[in-house]
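Please go over the structures that come below.
Two complexes, one shared chain (chain A), two partners (chain B, chain C).
Take a look at the complex of A and B:
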């Protein structure tokens, strides 16, 4: 392991580096259109948006796209099936400007999709692995948290200790660069003429700035960590009963937004699609019973689509069995995955990194921070009897 | 591109010079702002309606661009029923020839035109102009059904209200952005009251007033002191004119069903005083009084599959212009591909009255839009009539009185609007949405009878078994589905069974002033069928 040395880079040199990467077609960075911020390939560094809190769509889209072809197959005139595997030669990309919460989210995805759960050797997902190997994460530490941000409550930021390739913090005179991986050091080697070791003052300034950022969190200060942990305990120990989840479920409309935007969600579904061999019409239809369409294609492809544990169709099993029939039960399942110790042991961190996207998108106001607060209220206030469905002992109330 | 024209927020300007393209969700009447990037749709964060949130249908709306049901070429049906490809230009020439011939032989009143609320207002205006120039008073849309012209209120008004009454509808599955505003209003201390036969998703947090279907207005009495919300359920149960008369002086927000239902009405594409409504047009076609039918984006098969089949069997000529393949387009003599809302320029008007200008964010596969086809036909055929501005519909008919349950017929049957969208062609055309809505089709392929568990037990009905539903005028067999939210004494059927069950039980009739078909809540009795 390379020795941990912090680096320093001037503003001009950073622009020079970004220009090089954009000219090589490798750079992905935040852009602004109207009021919207989104991560996209950058052709000209002038397009980069510098004044942003975060994008609504998580950069996990570059690792787990909405849909991706796992394989395709077709029958030859001789009646033999030919299976084509996808091209794994994905181009090298550098994501600049990713926030710490999203870096932590990708670390969480790695835990599952690179087969690291329980520290066991589990076969990784080859498509994800290939993309992950070719993606470099250059995070930029937030200095202006948004109204829904709560990374300070769940070890998701504003700065991280690991998970990034480079972590940049803007200082008064330039940028502090912390390098987190071998890949990061290899990248540093390619630009070493533009970078120099950081002075101790730079590290001190970063610490001062971080302390100030943490003070600037609007609704969810580090003190809010207590409700988050309390909710985690309540969920882990099954202290939160069905009546509470029924009331949460009453607000859920099953839009799926929380999961689609969550940087740690990876649920998916596989379907076989029937399509034209040359894709000339661009039409694809599901190849399964009851599917709409005409069955005009001759080539099949197996596609992995994003999916969502909140949706009724996700839990439906063959024969019309629904293990989690109502929205309340499905919400309980979701928050158990996000907050419980059981999943903490498996993934080595909470399933929430505090990005606040679920709070922004939820049509029922049941984002993570809102539910964590309600769980704590339910377990500690007089409402606990009504909401948990049973009296909890005195000791258990101290959550 | 999307731009807001009007509305109190004013314009936020075009989103251009970028590879993120902004447009409007093509589903319900709220008109959420959608960003499309790299083939995926996501909600616009700084849009006054979406505010970073979308329903599942909206999240999957980019799938409509490459749907298996997308129509990309013209088709003509030969006498044996087989479809053959035809170029759009040849198809249009043939259409002009046939319509001209039928008009000369039978007169302009033998023609009828149906438009759609998923087209832009400008296109609908062109379609109305086509009807005017053909000289036919028969123009309408099945996507007008149940609309009531209450004045505009903003979603912000819902959020800020102190007292809200929601009549006969559940915004969670049908108008999710309204559900979101209701949740926010609840946390601001608003008193929310749901009135209906089935509890809304939010009912456990609010007040629920249970009524039999069709009797909701009796519990409101027109004395609402806050904001009243309602949607097409009221009109489709025969209470439209009464709701208008009871509530039009109150603060009432009508939640439109489709993305441009208000635009459809603004363009005045509804029947003239002498003209027939959409349902009557189909009946007239079945009876041989309408000889040629031009349909732009509408899908009568969604609600009335049998009548549509019978009507199309009698029509001498029918043209369907649409960008998705529907059961209606399958039956047409000539099918011409149109363009998806995201592939054209125009405006749509949402339930608040907010006009949004949309521009093409994708190239149309054919280069033709429904509006261009209507304009071409007007140019070629337009010499038979002057522009007609129909007066507002009178909303004056006495309301259809719903049945009252009695000892012999103790249940009241009506339509289940919670699955309203499941039969819509867009839900079939988007793979992800179809996967979600197929549960109902997989579990209950022939439809269902939703009933409260206690009622089912009392009537001796077991879930998933067949029940005989009998009214004073007829009976039908349906599969039992337990619904924990449904009040006692009420049973519901999916909207897709409106025609079949309505005809069997004598519940299908017409509201003469609104010129729409209705399902009259009808008293029935239930018994277990022999399996």
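Take a look at the complex of A and C:
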């Protein structure tokens, strides 16, 4: 059943479906905690937060969990090492209420981590793939964009054409459901008593509402698409020179918040941790060098953590070779990865989906949209800092 | 290329295989500036690879690092890693002895395009420990000597003591490799000898010593970033070798080696999967965004 039919659910039936999923322990939905909204497992549908712009942390946390074990190895009585790979059996989960920008972010992660962006055939990341197969995305179209939202500028929303399993739009009466995948249709089968095919009016209402949402974007209207693309062009053709990035870098405090929250950032670091062999105490020590008297039963875990290209140690090599030594160079690398045409060609979209989290979290006001605007301003005003690469004095610090 | 060339099952991308160290051999002693270099001979288990590829080596208890394979694929039953004790994991590797086991994940990366170089003269330019990945290619070429024209090696190091594979150099010469050496700082004795021909200075000063036909030469480079940068300039500008036939291999910090962790990114390329071998035309394109050297 793959024909493009839209479905419709009444409010009460949607609650009924959510209740069923939460009772099965599959439901992840937005939940308010400490003034912020997070995606969390839901036991009781009353806990679901309905009035939110987006979660603080992108739902990529369910695909790339912090501190995931890649493998473990243990020393036997004979002094040999035995390697164990983790059990990849993860439970089926349904994320309800994910926003379009994060759906687009997950599509971006798929493109990279499943190895599709390379010319050669690259095996997918097995842990990511497993979790991705077991995660169903039920997106809810935003009707009240936030002040930092800019999805309209970079194909990240407010509604998408693909990438979701279900896409829900709240209408005056009930919800319109668009089904995007085979998996989405299979899920639809399990609740078919509670849904019905949508009337054409419902689709028309969705389109009207969407048009209104796009009008309501506060700072980044669709007109800002042009500056975003101009920034992309400037970065791709290296029109933006080092002095510009030095000034951007000077405002970066290397907190790493931008990429921690970013729905498209995937870089990770691996560390071998000494662990308790039976894992009972859970005590772990990093960087324990191979001590000579290490006895049988010594057990290590190789764990991956999120890493961040803005941080100083990201590209440091043994032996003193040390590319991207200053923050400006690291910022250039980050914005090139997100905005450039070179990566657009490989990933089939910009590396930014417009969720605005980096804008919200950045202390130095160098979020994606802010830098894109600055690049465009610098390029269009023909300031020499951007175009000629000549260094400027401190007096001209603000480009 | 198939998934099999990764030497891993697709479902177990991060699982290294256990490999025994057969022999450990000192190559360069420790100096005031740099750690010692040792050659680690590993069991091969019938693994096939291309010159210029690398592997992720696990030292149990320490971690995993990318290390290039420095022996030729045609060398029957072993794989050699030439490793300088420079960082946390490589220092731990130096503590291992014959009979110890390490984790081996690979071969990874694209490797040198050796098949498309048949019939050409080959010019190798190496700096310091950069000779290690090039040795894999150089010795592979010697196994198939008749398929190639002249073979030249320009090799530079900081001091005479830092020259790698000094035992192999006379053997290569006997097999028809024209070798030229340089050191940044001589020791008063080394400069007086004349075989192989030598100079005190950086490796690019050797370019004036060689005569070659740029229309039928392919150059291979490996060394520290600054050397790669100036050697590529010299090769194209002074020796007139076209950029597409100047081929260098890059070094970057990596965590996964299989295009997932994002550490090795240079401009729009992932060194682990798109490289580590690039030609100068590609490198120049990358350099317009971020200098790969």
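One rule holds for everything that comes next: the second predicted complex is superposed on the first by the 365 of 399 C-alpha atoms of A that agree within 3 Å, B and C clash if a C-alpha of one lies under 4 Å from a C-alpha of the other, contacts with A are read in each partner's own complex, and residues count from 1 in each chain.
As a convention for this text, a contact is a pair of C-beta atoms (placed from the backbone, for glycine too) under 8 Å apart; a residue touches a chain by one contact, two chains touch by 3 or more.
From a predicted model like this one, the values you see are computed outputs, not experimental measurements.
Of the two partner chains placed around the shared chain by superposition, chain B is the only one that A:33 touches, whereas chain C remains out of contact.
By the touch criterion stated above, A:316 is placed in contact with chain B and with chain C alike.
Look at A:245: by the touch rule set out above, it reaches neither chain B nor chain C.
Touch criterion not met for A:217: it reaches neither chain B nor chain C.
Judged by the touch definition given at the top, the superposed model places A:302 against chain C, while chain B stays out of reach.
When the shared chain is aligned, chain C comes close enough to touch A:80, but chain B does not.
Once the two complexes are laid over each other on the shared chain, residue contacts for A:269 go to chain B and to chain C alike.
Using the contact criterion defined above for the overlaid structures, shared-chain residue A:66 touches chain B, although it does not reach chain C. Looking at the shared chain after the overlay, A:166 reaches neither chain B nor chain C.
Where the contact sets of chain A with chain B and with chain C meet, they give residues 269, 271, 274, 290-291, 294, 316, 320.
Considering their complex, residues 70-71, 73, 75, 80-81, 83, 85, 88, 112-113, 115, 118-126, 238, 266-272, 274, 287-291, 294, 298, 300, 302, 304, 307, 309, 314-321, 323-324, 329, 332-333, 336-337, 340, 342-343, 346 of chain A touch chain C. Within the complex formed with chain B, the chain A residues making contact are 31, 33-36, 38, 40, 56-57, 61, 65-66, 246-247, 250-257, 260, 269, 271, 273-274, 281-286, 290-294, 305, 311-313, 316, 320, 327, 360-365. Of all residues in chain C, those touching chain A in their complex are 1-3, 6, 8, 10-16, 18, 34, 59-65, 84, 86-90, 92, 95, 101, 103, 110, 224-225, 251-253, 255-256, 258-263, 265-268, 270, 273-274, 288-290.
Interface of chain B with chain A (complex): residues 12-15, 18-20, 22, 35, 37-40, 42-46, 51-56, 59, 65-70, 72, 172-173, 176-177, 179-180, 183-184, 187, 201-205, 325, 365, 428-429, 431-432, 434-436, 438-439, 441-443, 445.
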